[in-house]
Amino acid sequence: MIENIVHTTLFYLFAAFAVLCALAMVSTHRILRAALYLMGVLGASAAFYVLLGAEFLAGVQILVYVGGIVILLVFAVMLTSSNNLIEEKPSLLRKLVALILSASFFGISSGIFLGATFNVSSRLSGASSEKIQDTTAAIGRALLDQGEKGYVLPFEIISLLLLSALIGGIVIARKTQPEGGK
Amino acid sequence: MGENLVSFLEKTPDVSHWLVLSSLLFSIGLYGLLTRRNAVGILMSVELLLNSGALNFILFNRFISPGNIDGQVMSIFVIAIAAAEVVVGMAIFVALFQQRKTVDVTQMNMMKG
Amino acid sequence: MGLVSWLVLLPFLTTVAVVLTPASKSRNIRWVAALGTGAHLLLTAFVTWKYWQAASPDFPSMKTALATKLYLVERMPWFESMGIQYFVGLDGISMAMIILTSIIIFTGVMASWNVEVRTKEFFALLLTLVTGVFGVFVSFDLFLFFVFYELAVLPMYLLIGVWGTGPKEYSAMKLTLMLMVGSAFILVGILALYHVSGTHSFDLITLGQATYDSDFQRWVFPMLFVGFGVLGALYPFHTWSPDGHASAPTAVSMLHAGVLMKLGGYGALRIAVYLLPQGAQYWGLFFMAVTTINILYGSFGAITQKDLKYFTAYSSVSHCGFVLFGVAALNMMSFKGAIIQMFSHGIMTGLFFGLIGMVYGRTHTRIIPEMGGLAKVMPWLATCFYIAGLASLGLPGFSGFVAESSVFLGGFFGNPWHDITAMRILTLLATCSVVVTAVYVLRGLAKVFAGPITDAHFEHLTDATLTERISTGMLVATLAVVGLMPGTLINLIESSVYPLVNRLHAIGGKF
Amino acid sequence: MFTLILPELIVILTAFLILGVDLFVSEKNRVVLAPLTLVGLGAATAAIFFQMPEAGALFGGRFAVDSVTWWFKFLFILSTGITIALSLDMLDGRKVLENAQTPRLRFRGEYYTILLFTLSGMMFLVSARDLITLYVSLELATIPLFVLASWKRDGNAGEAGLKYVIMGALASALLLYGFSLLYGLTGQTDLHAISQGLTPSPLLWLAVALIVSGIGFKMTIVPFHFWAAEVYQGAPTPITAYLSVASKGAGLALMFQLFFRVFGGFFKDWQIAIAVFAALTMTLGNLGAIVQNNIKRFMAFSAISQAGYMIMGFLGPQKESIASMIFYMWVYVITNLAVFGVIIFHSNQTGKEEITDYRGLAQTNPLMALGMMLGLFGLAGIPPLSGFVGKFFLFSIASATGFHWLVAVAAVNSTISLYYYLRIVRQMYIEPPAAGAKALEVSPVLGFTVTTTVLASVALGVFPFFYNIVNAQTSGWMSLFVK
Amino acid sequence: MDQTMELGFALKNAWLILALPFFSFLIVGLFIRPLSKRAAGIVATLAIFLTACFAYRLAYEYFFTLPGALEGIHKAFVPWSVEWLRYQENMVVSLGILTDPISVMLMVVVTTVSSLVHLYSTGYLHGEDGYGRYFTYLNLFTFSMLGLVTAPNIVQMFVCWELVGASSFLLIGYYYDRPSAVAAAKKAFIVTRFADLGFLIGMLILGFFGFQFFGELPASVTQGLQPFDFMFLTHPEVGAKFLAQGGSFLGISLVTLSMILIYMGAAGKSAMFPLHIWLPDAMEGPTPVSALIHAATMVVAGVYLVARMFPVFAVSGDALLVVAYVGAFTCLFAALIGCTQDDIKRVLAFSTLSQLGYMMFALGVSSFENPLGYTASMFHLFTHAFFKALLFLGAGSVIHAVHSNSIWDMGGLRKKMPVTHVTFLIATLAISGIFPLSGFFSKDEILSAALESGHTNIFVVGLVVAGMTAFYMSRVYFVTFWGKHRTEGAHHAHESPPVMLIPLIILAVFSIFSGFIPFAHFVSLPSPHGGEGAAHGGIDLAVALPSTAVALLGIGLAAFFYSGDTSRIEALSKSLGVIYTTIKNKFYIDEVYLFVTHKIIFRFIAAPIAWFDRNVVDGGVNLSAWGTRKAGSGLSRTQTGQVQTYGSWFVSGVLGILLVLWILSFERH
């Protein structure tokens, strides 16, 4: 089953890439590089989505995440650290604590995952098993459907969220000197 | 050796493999969140966390209930929420930067005790 | 609105009236308070009469009763789904306590006639406090009881903190917190009773009809007893009392030592012993031992005190020990003695603190060695002081003797559940305190009032004013009336003590 | 059917209306915004009452209304309304002293709009019946608050915002991860369907743990509470008040949604954990409050300890649990807002936030001091104030489920809390006023707000009316989820 | 008591004997005293005279009109009682009046002496500030003493016992601005209080057994009685039950223990060694008070109590022995000290102690087989009341004239104060036991009782002390009235006013003639089996001759040493050296007490307790507060302000919950 082999190989390749990018992202001292590595992780994630059969999501991931959010983050970096793009190192203690915590989280959770039995759908025996074929259309319909399977409500809620984030962002970031300060 | 590899590769990654991957990404994100000194760096780590959450939804959608698209929809919302968080976070960091001339979180301890 | 509700409502209305009186005229405020409490005194007399009319026909039948019988009862659902009611009524014990409180608050108002700083707040808080106290004594729903219980404790903080002397903030805080910790344990006990009884009611009578297994009783009883004991100055939770009393203004000390500390003994008897007879049987001897320490320790502690208020506070620790001792001794006489001791000590210590306040107001010192020969310039106060002192050492003819002898007899006679020899030894040890009391009381009195005048400016001090005379005179008269005619009080309370004892025997069991 | 979502619609429409009006009126005339908002909130409340006996679902069951949602929504609207009333002086600026150090808040229109958006988020949160709606509305109820917390744009506000946003993002990520596991365990997003499909397993515990962290963040449960102190301190005081009441209420609602609806089947498994966390939260919150000097920080720790009491209601499937928690939440909201009313009044007038700045308030402003004292006593749970009654009911649940030790811990904690509340009372009543201190001016709105909240706080405790209604409506609710 | 019997007016209205002084006390104290001091004195005195008349009438009715009275059968009964204090059912204490020979006898004594002292005091205290107060107290004392005497039950006895103690306290401290008086009052009260502790505990034990036996005994015994009633407690069947069921504690039978404890109370009040220390100091009170309280009435209450409880004492023979030996020892001990004192009142006080010792050992040596001691003791109590009161009042008269208490400040007063002198002489002779004065009869009866009961050692002590009594009393007499006046005060002394002299004369008459009363006819030990004990009166020459001889010897010695110049006695005292100083310092008993109370109890019990309370117990409370605060500030250190630290807590919180849930689920599943 060559498909499977490709699938698996891709999985491990992208996984390795994503993990390396992620590690690089959290350990680099240059914040802009971190943004770049983040982009790598997110890109790899898009690939994961494709592997998982969520092509639409992969597109969204590339467009919104890589194209939007990371750019925004880069702007943020520019706006906030114009004169020191190189970050100082965190203290050893903090690194140690973080290492212990994240490692134990990883250890415990992956232990649980490996030991857990999932109610894996029987229809899913291979990558090409039957599933909703046109996910893009299905998602589009679902987002505006008011019925049983519809997501119009969270969709509207998220629009309110984005709106208020927008308004808030403007209010906060607007360049005015606060009154009465020092 | 080669046989082993092939038989290994022939078995497509199972739900737990995916989960371990997402858990690894999540843990790395946590590490970043707990160590980065630049607030924006922390925000990036948060993206990593949210991303692995979204990944979870998609992989579960794929493996557990391929008959619907709930997981994928959730991932879309997660991406939107991540965007909103970044917007707000960025605004706050920028405003803070105007006041304190830095966004090093280790120096953000004027209030404590 | 029945009569009993008015007992609580009247002080509350007086509080309101005080609040509404313009603050600029402290004279008017005093009068409002005096009229309100005076009216309460009349109301109490009337209620007592009504109670007597209602209750006296039942006296013979109460001898075998297993449940407390209440009179002039008013019931109203409150938080219905929880079974919480507004349930007030009277039995003999609460009637006695109401009389005590009514007397003390009236005399307390009289004794605070010269409070000039923030008069309005003072009287408002004082009356709030007393509203709580009346509430406790009439409520027979444990929730309501607890509400009033805390209401009675808290105003103390401000009363001591604002109008007190010395390290007042410290004392006020200590007092409030210790009492609140005590009430926390009470709360645990009350809730446990409610849920374990399965009656879905906080009504004391209903709870009394439920059965509790003995393990449960064993752990809840000490919770309740210690919880109430904190307010009753149970050793070693008594240390709020010396500091608190020493810092408190006159009327507050009077009310606190006179009435509030009684809530402890009252609650221990009314709730802990009544509801948990087996717990009481299990722990009785232990608490007798602890209260014996109280009694001796308080009296020895009083010997070396230099400050009159500390002196009286330690004596209160000792005397309140008798109350709890009586409660823990679990028999008819000791219960009766405990109740009479509550009444007696209330009046006596009210008198003591009132007098100390009056003397302090004149000499501006409470340090015993600094005073001397005051009897010459203030014969009235000296006489009253001597009377209070003699009453406190249990001189027959005053109520203290009636109480203490009952407690001693009760302790000595023992009960079926505890080792009689141990009880007797404890009783005898407790009895020894009468000598120690005599020592410290007489030493103190002799130093302050007798002998030559020690300070030239004492020569020009004046004797008691009219309000002070009314206040002290009333208390002295009460002491003497109860002491000379103990039947008045005994007839009032006796029928209500029977159920407590009968329950112990009916729901008994050896461990 | 339409009326089910009417309150939310009214709130959202009001938000847009405000946004629109704000665009077209001059700065001076923007004072009309506040009344407009309040009218909108009033209308939403009316809508809730209008729908009250009606329960049902919309959007294919993603949105539902039942007896519990009414009370939560009503509560959120009320706390938003009071928060707005408390903000008026700072926004419209009529009563702020000229030399006060507290800067006026700007951007009224945006302020109200964002508040209303978060309000709508909370309302959706209560009604959400699937993971996705729940998560999205939770974010709507959270993310705009980051903005509000740093609205003042001074250093402290920025720091507060930073901490809030980072911790908020972390919490939201953890919660999301937990949700994803729930989804993975059952393949469902519908809360009811999830609860049917769950069986106890380590994976479930991992999901629960992650979810608890998200809830703990909202409700400030130890050890997820650390952000609260700084955020409360740095945020504008009305927002602090809002965070301490509405946001916490949202947390409680979230916990209702998850612990009753989803995990209700095996409460015995998490019961002890709840007890432990309740004990930890109230104890550490109280201990933290003892040493505070800044009144807002102080209130933060007080609020933390209150959260510990609140979750006692989750200890067991008692008939009264729901009513007790809702009642306590109500009581807490009203009482806390009364206290914040006085704090806002005081800091508006003096610009000071230290506890010692309250010295002698009883002599300069006796009524405000009285209100503050009653409010604080209410928080400490002193009878006959409603705070006591509320706590009593919660303790009763712990007692009924056999957690007597927790009752003891909680009751002793009440005493500790009394200690620090009394510190303020001491400043107000016992300490003399600073030399030359004059009576501070009380604006009518604040005066009215404080008065009504204090009165309500007393009345809730004395009159059983409110509790009885809540109890009557909600007593059967839990039996649907918890066996 | 036979209900159909006709009672006379006084017996029917017996309550008046308490009511008169009580209401007089109230009215004088509350209403008259503030208005007029003079009126207070008059009213108080009149009231007591009225009471005295009533008591005489009552005594007459009791001893002469009741059926069988003339045959010498005097039954005890309770003519009046009301319920006073109901401890519980079957445990009721009533307030009442018990009439039996000794109570009626003491009513007479108390009212007589009291009324005379009242009268005397109107003169003695004339013009003093506390005049009204004084009479109030005196009335209170009279009431309490009468209550004690008439008590039908042990609780009333105790109540009045305490009340006489209190009024004694008030009267000793009458001069409250004089520190010595205050100290003496305090001492008197505390010492007797300490003794009363024994009484109280004894009473508890008795009460308990009384209550227990009460239910077990047939109604014929308990009819109309209560467990605390004397008539019940002293009932022979109760005594038998005591012996049978009383049990023991530490090897002592409980009945003995309780009687010894009760005797402790009695010893305190009657100032038996070692509880005697208060009585000499009590002389700080005004002299009439000393006469009334500390000589004639209150101090004999202890004797009275022992007599009252005699049947129970008799049940426990050991307790009686204690009574006898303590009495005898005190008798000797006090007489020894009496020989060395200089303060006239102190000499009298020690003589009182000594005489009380007589009474006590007289009771101690008697038994149902040898009942003479009982009668003798009561007889001596009776006569002693008069002559000792007379001595005190006489001394008061002298002090009033000389303004000093020391006998060495007096001298040569026999010319200046003839009436005082003569009456004092009569009293001296009476106490010395010279025929035919009253003391002779009663003392002889005591001595012969001791001899007859076989307690020869006690008899010898009694005989020796008789001589010593004569010696030290004559010493006082000679030093005071003979020789030259030694001070200005003595020089200017003049006779007291008539109000003071009249009581002296009346008492002198009593002192002379009361010995001739056929006392055994009226007072004798009721035999346990009904009927009267065979007490015989009359003079036993075998005793009378030696006792008279030693008395005369004592007087002679006193005359030899003191009638003229004092060099002889100085030489003698010098030669005795340490022994003399020890005796003069009252064997340093006071110092021992002072050491025990101040140095041991105050310093090693009270002060440490106070310290312990403030530092350890209170320290514990403060420590918990401190600990809480420390925990708070420690905790606030975790609030570092570092958002990533918070994040770490957050994540560890998640892991923590996970572990908790996991472990719990292990336990459950």
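Side notes on the structure shown:
Note that the chains take the letters A, B, C, D and E in the order they are written out, and that residue 1 is the start of every chain.
The rule is simple: a contact is a pair of C-beta atoms (placed from the backbone, for glycine too) under 8 Å apart; a residue touches a chain by one contact, two chains touch by 3 or more.
Not measured: the values here are computed from a predicted model.
In terms of the stated touch criterion, the partners common to chain C and chain E are D, listed by label.
Across A-E and A-B, it is A-B that has more C-beta pairs touching.
Averaging the CA coordinates per chain and comparing them to the mean over all protein CA atoms picks out C as nearest.
When every chain is reduced to the mean of its CA atoms, the largest separation from chain C belongs to A. Put simply, the chain farthest from chain B by mean CA position is E. The distance from the centre of chain D to the centre of chain E, with each centre set as the mean of the Cα atoms, comes to 76 Å. Between chain B and chain D, the centres computed from C-alpha atoms are 29 Å apart. Centre-to-centre separation between chain C and chain D, using Cα means, comes to 42 Å. Centre-to-centre separation of chain B and chain C, using mean CA positions: 66 Å. Residue positions of chain D touching 2 or more other chains, listed in rising order: 132, 136, 139, 143-144, 146-147, 150, 153-154, 161-163, 166, 170, 174, 184, 186-187, 202, 206, 229-230, 291-292, 419. Along chain A, residues 94, 97-98, 101-102, 105, 108-109, 113, 116, 118-119, 121, 149, 151, 154, 158, 161, 165, 168-172 each make contact with two or more other chains.
Residue positions of chain C with contacts to 2 or more other chains are 177. In summary, the structure contains touching chain pairs A-B, A-D, A-E, B-D, B-E, C-D, C-E, D-E.
Of all residues in chain B, those touching chain E in their complex are 30, 33-35, 42, 105-106, 108-113.
Across the interface of their complex, chain C is touched by residues 83-89, 91, 155, 158-160, 162-163, 166, 169-170, 173, 176-179, 182-183, 185-186, 189-190, 193-194, 196-197, 200-201, 204-205, 207-208, 211, 597, 602, 605-607, 609-610, 613, 617-618, 620-621, 625 of chain E. Contact residues on chain E toward chain D in their complex (touch as defined above): 628-629, 631-633, 635-636, 638-639, 641, 643, 645-647, 649-650, 652-658, 660-662, 664-665, 668-669.
Every residue of chain D that touches chain C in the complex is listed here, in rising order: 319-320, 323, 362-363, 377, 382-384, 388-389, 392-393, 395-396, 398-400, 404, 407-408, 411-412, 414-415, 418-419, 422, 425-426, 429-430, 464, 467-468, 471-472, 475. Within the complex, the chain B residues that touch chain D are 15, 19, 26, 29, 33, 39, 42-43, 46, 49-50, 52-54, 56-57, 59-61, 64-65, 70-71, 73-74, 77-78, 81, 84-85, 88-89, 91-93, 95-96, 98-100, 103, 105, 108, 110-113.
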